[in-house]
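The first chain written gets the first letter, and so on, giving A, B, C and D; residue counts start at 1 in each chain.
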Amino acid sequence: MTGVTATLLISCPDRKGLVAKIANFIYSNGGNIIHADQHTDFSAGLFLNRVEWQLDGFNLPRDVISPAFEAIAKPLEAKWEIHFSDTVPRLAIWVSKQDHCLLDLLWRQQAKEIPAEIPLIISNHTQLKYIADQFGIDFHHIPITKETKAEQEAKQLELLEKYQIDLIILAKYMQILTPEFVSKFSQIINIHHSFLPAFPGANPYQRAYSRGVKIIGATAHYVTADLDEGPIIEQDVVRVSHRDDVSDLIRKGKDLERLVLARAVRLHLQNRVLEYDNRTVVFA
Amino acid sequence: MTGVTATLLISCPDRKGLVAKIANFIYSNGGNIIHADQHTDFSAGLFLNRVEWQLDGFNLPRDVISPAFEAIAKPLEAKWEIHFSDTVPRLAIWVSKQDHCLLDLLWRQQAKEIPAEIPLIISNHTQLKYIADQFGIDFHHIPITKETKAEQEAKQLELLEKYQIDLIILAKYMQILTPEFVSKFSQIINIHHSFLPAFPGANPYQRAYSRGVKIIGATAHYVTADLDEGPIIEQDVVRVSHRDDVSDLIRKGKDLERLVLARAVRLHLQNRVLEYDNRTVVFA
Amino acid sequence: MTGVTATLLISCPDRKGLVAKIANFIYSNGGNIIHADQHTDFSAGLFLNRVEWQLDGFNLPRDVISPAFEAIAKPLEAKWEIHFSDTVPRLAIWVSKQDHCLLDLLWRQQAKEIPAEIPLIISNHTQLKYIADQFGIDFHHIPITKETKAEQEAKQLELLEKYQIDLIILAKYMQILTPEFVSKFSQIINIHHSFLPAFPGANPYQRAYSRGVKIIGATAHYVTADLDEGPIIEQDVVRVSHRDDVSDLIRKGKDLERLVLARAVRLHLQNRVLEYDNRTVVFA
Amino acid sequence: MTGVTATLLISCPDRKGLVAKIANFIYSNGGNIIHADQHTDFSAGLFLNRVEWQLDGFNLPRDVISPAFEAIAKPLEAKWEIHFSDTVPRLAIWVSKQDHCLLDLLWRQQAKEIPAEIPLIISNHTQLKYIADQFGIDFHHIPITKETKAEQEAKQLELLEKYQIDLIILAKYMQILTPEFVSKFSQIINIHHSFLPAFPGANPYQRAYSRGVKIIGATAHYVTADLDEGPIIEQDVVRVSHRDDVSDLIRKGKDLERLVLARAVRLHLQNRVLEYDNRTVVFA
């Protein structure tokens, strides 16, 4: 209905006239804005904005749009990116032994809920290879030990390059990435099976049970060098009771994990998430 | 922190350049936009927008802002309103015998969560007069019977005028307003004790119990001539079980009612709600 | 951990000593109760109970348990059933064109979240046959028209008998069963894509959108002769906003539908649901 | 409707025949059980039970019930308590400067949602004295400094004795009780303004904002010697977004705090909460 669109995500120090500048850039070139959402973080003095406009009727050729906008953005000291809705990002899904998040993402990709290609699955185990086969996706088994982690991460980086991957989804990948890896490839979304910052690290369901909480959660976040400390994209929770033992928490948690991860991936792929200061603005 | 602001709520047929037009109006007069949120309803072909900007540094005197903007809005066939954040709206709260929504609104007004004055309470009963006294608010007892409804509504309208009321809150007022009344005073928010459109009309909790639902709700909506059919502003729900009899539903519902009503009133008073086509856009 | 268990579900007119009678029956025969949950509906004068005990050490042979208990239950005018946890019920899943509930149930069955066999899938369309093939389940295509419904329902009943089906799951089966069918096979769970009793019947998402609700829901219920009027087992909801058009409601609703249906099926299969008076007690 | 009832809360090592023993004790003395709920914690090997029965028709005089039951409980090595529904517990509410939880509890007590007397309010500040006056409740101002804490706690204990207090509610009391105090008076419920174990201690809303969480929570728990580490009774959460600054989190959190605290107090006063092993079973 809306045709192909361009989406601008921008953040810069707040000052007068920013909305007008951006709207004028689009309007003067014949674009029709279909979504505009702005946020000002007063304590950070920051202007944050997402604008989406139809390319049909837009006078600038695609390869000129970014250079043209840079002329506006530079004096504003802005961080910005422009995406086109017909560019299909390429995802690598990383898993260990649990299948629920992987299957859920693959189903959603087939149902067109997730606008992306998924050419690559990487795992430190072989249990889920049959799913990759079923969906016709390349599967690479890269086992990890303390000793081999460095060289295996080099292999992983090679694969990311070979498959031209834009985004890694850690869909219950039970290995910690090194800071070196993250510094080389930073577009990574992880699902953590707790309501962060409660229960970071290992065995969150066991620890939630021991603490006797009445609600458990799941958290999707960007991966940074600090374990489970990256910017949170999405969280959700479910109520539990004394009748739920650890295996029930795990079962209920699996439903949470796949919903929360899928929502975060979709928001990211729709260019609705803007990171700053270890937090996110989600223009939902 | 943000000082006094002006807020524009506008809807008009969609066309190119609307965001730019509005942003330029504000920027060219020296205003700083602190909040801008836009929605396009493609099926209705409608552009809907909320823009808030700081008046500090804005070059137009207040009484000139609206005429100046009218020059822009008229050719767009727009419906629009501009509000100033230091104009304090005046509310009348209407009640019958239940105190929970009334008390909740009064507490929130004192806690400055609801930016309004509350000079008037109207009731068809006398039970809650003591609360009005406690808070130093005028209380008018206007009993209603089928026979007297017309003349009593005339009295109510007089009071609204006398007290210069901007908004009526039906905080568990157990009488139906006539279409005539609503046509004369249309700024009315009601709390209905069900998840509309389930269980409109009388005794929703009893009917929810009889139907055996597992979740109950409450709905805040603008009042129109059609009972419980007006545009919905806010809804929320709570889980119930077989252990909950009707009195438990009523008790749990009371917590919902006061939360949902308070949220709707606050959203309305912050000029975040735009009505069209018997629905609302809530720029929250 | 708990070994094989027996579960008694019982309802009868309330009177003194019922808990003691049932507990004594189990204890005097050497059983260990691991779960006992009771509810009294005072307005209906009804005692409702679920008791689960370990068969290990229980002195009565399985085929004697029911006759023995009947001696106790008869004078109480009780309705009751006893189930053994190692009896695996057989499900038929009925679908039309949408795959999300089907896939979800099949995945949960493989993950052992749903303790049942699924030997049969029936559909009035052929689109989902490939899924049945993938999981190695028999698929029967039984198209329905107004004219053929009666004879096709006869075929369906034959299949249910042939496959010894205990429970039908209508997993987005977009046909209405006739009262005749339901009177012949009454163990049927349906997922309806609205928060009943709001939006029964066709196109609930379209109607939810038109009404401008702020929350949508899904409802799993037993099927009776009255469309969407059967006893509710489970419901859940999700928040929506003006940004969600009908296709977004459908997408968000799909997640609700599969969660709500899966929970209802699991509760039923664990013998936690007791029907009476067009409502359910869920001993969760 | 149910008349005066007795409620037994009991926990003991699991063994066969426990439900029967307890039910027989009640039945053989002419009691009618109206609520029975049992839980077995297999990992702890523990049987936990709540049974409520009508005293009307029960043959044992009240002062004989406990000694009679002790004869049964002793060989089971059980921890147990029996409460009568017409014994009205006496609460002391402790506050600092914030009024929302206090007002909410007082309103619920008047609305008969909380079955208790509230003869005493203690505060380390004087701001809320006017509320105590309004409700006709004794108010004691006991300021606390590091130096005076020991002697002031002695005064507090005197007041608890003088007013025959059964339960302390810390309704936003911004002081930490010493382990000595807790060892002398252990029936204490606190509301903590975070989703524990996330953000224990001071300034949870500020820390939740800094971490960029998408959901905030509140937790009601019994107070132990370890700060914010006691058994959790109830928790709830609310969604937040980038639009919510710290003051919004505080405002939204206040609604959570009063709901969660009120639910926990009601559950406790209905004798539905059983503590063991730093966790709770809530027979709701």
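Basically, a residue touches a chain if its C-beta (ideal position, glycine included) is under 8 Å from a C-beta of that chain, and two chains touch if they have at least 3 such contacts.
No experiment lies behind these values; they were computed from the predicted model shown.
Set against one another, A-B and B-D show the most C-beta pairs in contact at A-B.
Taking the mean of C-alpha positions as each chain's centre, the chain lying farthest from the centre of chain A is D.
Once the centre of each chain is set as its mean CA position, chain A and chain D turn out to be 42 Å apart.
Measuring from the averaged C-alpha position of chain B to that of chain D gives a distance of 37 Å. Counting partner chains per residue, chain D shows two or more touched chains at residues 39, 42, 243, 284.
Taken in their complex, chain B has these residues touching chain A: 1-2, 14-20, 23-24, 26-28, 30-40, 42, 51, 57.
By the touch criterion stated above, chain B contacts chain C in their complex at residues 39, 41-43, 195-199, 211-215, 217, 231-237, 241-243, 245, 278-282. By the touch criterion stated above, chain C contacts chain A in their complex at residues 99-100, 103, 107, 111, 113, 134, 243, 251, 255, 259, 284.
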